[in-house]
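Here you go, one structure.
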Amino acid sequence: MTDPLLRVEGVWKHYHRHSVLRGIDLEVRPHEVVCLIGASGSGKSTLLRCVNMLETIDDGSIFLDGREITDPDVDEDEVRRRIGIVFQAFNLFPHMTVLDNITLAPRKVHKVGRAQAEEHARDLLARFGLADKAGAYPDRLSGGQQQRVAIIRALATQPRLMLLDEVTSALDPALVKEVLGIVRELKEGEMTMILATHEMSFAREIADTVCFLDGGVLRERGTAEQIFTDPRDPRTRDFLRSVL
Amino acid sequence: APAAETTGASSPSPASSAACTKDQLKLVTAGKLTVGTDKPAYEPWFKGDDPSSGQGFESAVAYAVAGELGFQRDEVAWSVVKFDTAFAPGAKQFDFDVNQVSITPDRAKAVDFSKGYYAVKQAVVAVEGGKYADAKDLASLKDAKIGVQVGTTALQAIKDVIKPSQDPNVYNEQIDAINALKNKQVEALVVDLPTAFFVTAAQVENSKIVGQFNATGTAGEEFGLVFQKGNPLVGCVNQAIDKLKANGDLAKIEKEWLGSAAGAPELS
Amino acid sequence: MKDLDPATRDNERTGAWVKSEQQVRREATRRKRALRSGSLATASTVVFLVLILWGVTASPGWPRVQETFFNPEAFVRALPDVLDGFLLNIKIFLIAEPLILLVGLLVAMVRSLKSPIFFPLRALAIAYVDIFRGVPTILVIYLVGFGLPALELQGVPTDLATLGIIALTLSYGAYVAEVFRAGIESVHPSQRSAARSLGLTHGQSMRYVVLPQAVRRVVPPLLNDFVSLQKDTALVATIGPLEALRQAQIHASGTFNYTPYLVAALLFILLTIPMARFTDYLAIRSQRRRGQ
Amino acid sequence: MKDLDPATRDNERTGAWVKSEQQVRREATRRKRALRSGSLATASTVVFLVLILWGVTASPGWPRVQETFFNPEAFVRALPDVLDGFLLNIKIFLIAEPLILLVGLLVAMVRSLKSPIFFPLRALAIAYVDIFRGVPTILVIYLVGFGLPALELQGVPTDLATLGIIALTLSYGAYVAEVFRAGIESVHPSQRSAARSLGLTHGQSMRYVVLPQAVRRVVPPLLNDFVSLQKDTALVATIGPLEALRQAQIHASGTFNYTPYLVAALLFILLTIPMARFTDYLAIRSQRRRGQ
Amino acid sequence: MTDPLLRVEGVWKHYHRHSVLRGIDLEVRPHEVVCLIGASGSGKSTLLRCVNMLETIDDGSIFLDGREITDPDVDEDEVRRRIGIVFQAFNLFPHMTVLDNITLAPRKVHKVGRAQAEEHARDLLARFGLADKAGAYPDRLSGGQQQRVAIIRALATQPRLMLLDEVTSALDPALVKEVLGIVRELKEGEMTMILATHEMSFAREIADTVCFLDGGVLRERGTAEQIFTDPRDPRTRDFLRSVL
């Protein structure tokens, strides 16, 4: 078994008096695709935000590439550079063209020259069928296109790990397909990913490992096959029955 | 047009003395003579910012005129009238306004003036030891930064006579002009001569009167009382002023309050 | 890491949380670090302020400035009169403000009528806003204060404070109309559709749906305008009434000392700070609502 | 209605559209009705305006008012001087404006630093904003215009316009800081998260993501403040320079006629109307963008 | 066959140079449930907005209860009172409580007394499982709850006809069910409805009649059974293949 790329150990997160994550343990190996499933409010987004250090955890540790990133001495910006995240709502920068959205981080954070960054961005756009949208502003794109750009933007920084938080939940069913297509491609490109998703059939298709979150607790973890056909925890069973 | 009806100070008054008895006058408040002036009222024109004291040149003049018209001291009421409201059109809150207002033909189109009660000259004040403290003539003030208060004829005098090379600084209030002199933001002030004496004596240490404008500079400038356009009271007041001039009372008042304002050197 | 039996984990995790030693250490580190940089920042700010203060007080002109601007005796002497004048400012403010809101709201509503038949009304509203936003308030006060009574019309007030209130209303009404208009336009059109689709008329939609939301959104800029208004009540001095600034001016001119202006400044600050804090509070509240 | 065979309907419907007779009639009715109510509205507005105009000009005081406020001769006489002064207003405005934007932006950014270590800096910024928003601009001009030179410090400017610019910058900087702050806070927090998650530092997120959006949103209120500033350049007159309002005042007090003020008012309106139209244009554009 | 409640005849609608509705004909009988299906942009929302007179049509006529409502003389507000509409995004009034949202139109438009309006509103809330939310503000509700309130709000005016525009498209799958439940109840209550929807399985279950819109043209119309099992138009077939 290879060393894990990400290790989450006993992570707690409270908002006010409410514990949203209650001691989460999780490991993600290189090239592994992990799907987080669970009801609304179970803490999926919060967990992803903690991994990306957008939230400060209240207990536990997170290791990336073997180094603890929850140590107060760690440079958060450096850590974030190695992780890409795409949110539930797409959060493109509305005042920038698609190309500028994608090249901002490579140019300003990774200090890549403009020409090179744009070339790379155009390659990515072409690969994902958006070559003609480079100069468009986000509000001229359909929801599905916006979400694809958001994924490309995260990819452009060549992260070690991608976090995708319900990237299809704000989309019309017709647009969902194109976004799921891009995720499939990422998997083929051996990207390590954690996905929070409500699309059970998709999770089943794409996940190496599925984790079921319930009220901030990681109730069950297993292969997609095992979780969907033979859930062991009664709550997993209830949940799957209610959504399938 | 109403502007053509009267020509200011020189307007002939047909009023006989009989019409000038106090119960026949049309007044803002019946039975009382209401006199306007600005607040604060400066020395040496008024004393202690209290026009009703009878102290100070203009206060004394006002009471002397009132006396001639037959008013007792307690029948004179004072009201606060800002300089630039004195010439607002429409009903006035005073019978006449006394506020060191110089008579000019332009102004006389908007208000009526009484005959002059004081022939004023403008004077230059500078700080002792300053560049212009010892100027001998107006020409040498050409390059000075000069301060002046808005609404006074001093500004016109500067423009007409000194023709300075840079714009003068114009202040809302006398205090601002004086502070500018203290701060060395201006090198000289132009004010009327009595004020100049007061400034040098009481307000700016180490200041001196450089000199007064000569007769040709601001020839015949006189202060007049300000009336609502067309106010028939002007005639009666003019009679009173004539009488005060004739019997020497006006000269006495001037000597009492402005006595020192004589011997400043004239600047040519 | 081995996967635990689900049941065991359940017991382990859903129990009450006990802070781990590691977390305790981590928080201590953070606190220490925050304290260090906090003290540094405080120290540097204090040094900066002290330097400025020292620079000012050590200047050659300082004794004179202190005497002219910060004279305690003049302060005390001017206070009663300036305070007295300040009551007039407050009175003018309190009367003008509701009138301004009314004028502003009416004009904004006229401007937001989209139908072409309202074009002339709308043109009138636009002309009003353009003119009165363009002319310095002090000029409006001059024109109303001296011009209106001069017309000698029946029923036109001659009281100076009333004239000042009219002038301020005209001048600020134009500003406030713009603020309201922005608010009305910021309410998403779908809200109007929703209201109309329920059968509400244009007027009812405005009254029950659009305006209540618009007004809430424009409270901060409105309060900003209120602050300006509080200060601009001082301009009414131009036409004569003895309000705070004029009283200060009288004292200053009388004593040749600027300290009375300081008195007026302090009074104005005392009035506006609570308003500023209130604006802040509203802004923060609305931000919370948005769920940051 | 019978269902048509799909193929027939296809041919029928996807053809070019020819307006039906019914629709032509309907549109004619609508046009007629709009014309009728449009003329009615125009007529009533015109009547209203004419009535007001008549009421004013028929008033007993009108000839005097016309003479004092609308005297063509006085207008022509004052125009060159007032215009000359107005150039100074424009100069002050053009120099002060960029400085104000700079100060406002800096203060707003300091205020939006959330970390406790910046508390003292933030406190300083808050104090600055509170004080300078609270004090009437005219008092700031007094204090800076007379107080600063009185210190007799080396290097302190004595030029009146410069002092005026400093005072206006201090006073308006506080307002503009508040405007910027509102703009910064109106950018949705998720934009900041998105920027940080890409690895941009706090400063970079501000510079590339938050500020560009904030600035766009605050353009209308900023332009509003610019309009006020244009007008408040007139207050600099207090400390002596001959700007437009002062020139008008000199002419007015020299001739006891208020017409010169009208000259100044017109000049100010001419300057602010284009700005107001530009603000409107921006507002409409941003509304279009939102897709109404 | 009963008289139709709604008759749409040759309706055209243009935006700028683009024809969004190209001569739509449609009839809805009392108690009938009509589902509009079709790709994004095919004109479903526009058609519903035209029926509710939120848009002015460019040609054709619409009759409600046998009276032409597209006549310029008709009082639009009166027409809207007889039609309830619920939008894609929920459009509750954020500054009013749930109860006020629901009672606004009854009180102000239908001049029902406050007490009576509130009683009716509470009845409706209870019936649809939201009794405890009467005093809440919309932003405190989940998406599904908000959408249910929007439906109740439209119901409270006792409309003759309900228009529902993709009432589930902005919701998480878990929340979709509760909203569909409410629509089912409406059908049981014999409400006449037109639904625009992307939920094909739901359309199939609930619709009496299904209409397929394509580029502003009503391509095919039939019973749910017929359309889903035996579509006649080739484009209907293509569309159904792409989404099912």
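Here the chain labels run A, B, C, D and E in written order, and each chain numbers its own residues starting at 1.
Following the convention adopted for this analysis, a contact is a pair of C-beta atoms (placed from the backbone, for glycine too) under 8 Å apart; a residue touches a chain by one contact, two chains touch by 3 or more.
In UniProt terms, the chains line up like this: A, E = ABC transporter ATP-binding protein; C, D = ABC transporter permease.
All values derive from a computational prediction rather than experimental measurement.
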{"item": "Chains in simultaneous contact with subunit A and subunit E", "value": "C, D"}
{"item": "Chain pair showing more contacts of the two, A-D and B-C", "value": "A-D"}
{"item": "Distance from subunit E to subunit C - Cα centre to Cα centre, in angstrom", "value": "45"}
{"item": "For subunit D, residues that touch 2 or more chains besides their own", "value": "61, 64-65, 68, 146, 149-150, 152, 258"}
{"item": "Where subunit E touches two or more other chains, by residue", "value": "none"}
{"item": "For subunit B, residues contacting two or more additional chains", "value": "84, 88-90, 179, 182"}
{"item": "Sites on subunit A touched by subunit D in the complex", "value": "49, 52, 54, 77-78, 80-81, 83-85, 87, 89, 91-95, 104-105, 108-110, 139, 153-154, 157"}
{"item": "Touching residues on subunit C, where the partner in the complex is subunit D", "value": "34, 37-38, 40-42, 44-46, 49, 55-56, 59-62, 64-65, 68-69, 116-121, 123-124, 129-131, 133-139, 142-143, 146-147, 150-153, 175, 178, 182, 185, 188-189, 220-221, 224, 227-228, 231-232, 234, 245, 258, 261, 264-265, 268-273, 276, 283, 287, 290, 292"}
{"item": "Partner subunit C, residues of subunit A touching it in the complex", "value": "7, 9-10, 12, 14, 19, 22-23, 25, 27, 58-61, 70-73, 215, 217-221, 232-233"}
{"item": "Subunit C contact footprint on subunit B (complex, rising order)", "value": "39-40, 42, 49, 80-82, 84-85, 88-91, 173-175, 178-179, 182, 203"}
{"item": "Complex contact set, residues of subunit B against subunit D", "value": "1-3, 83-84, 87-90, 104, 106-107, 109-111, 147, 150-151, 153, 155-156, 167-172, 176, 179-180, 182-186, 229"}
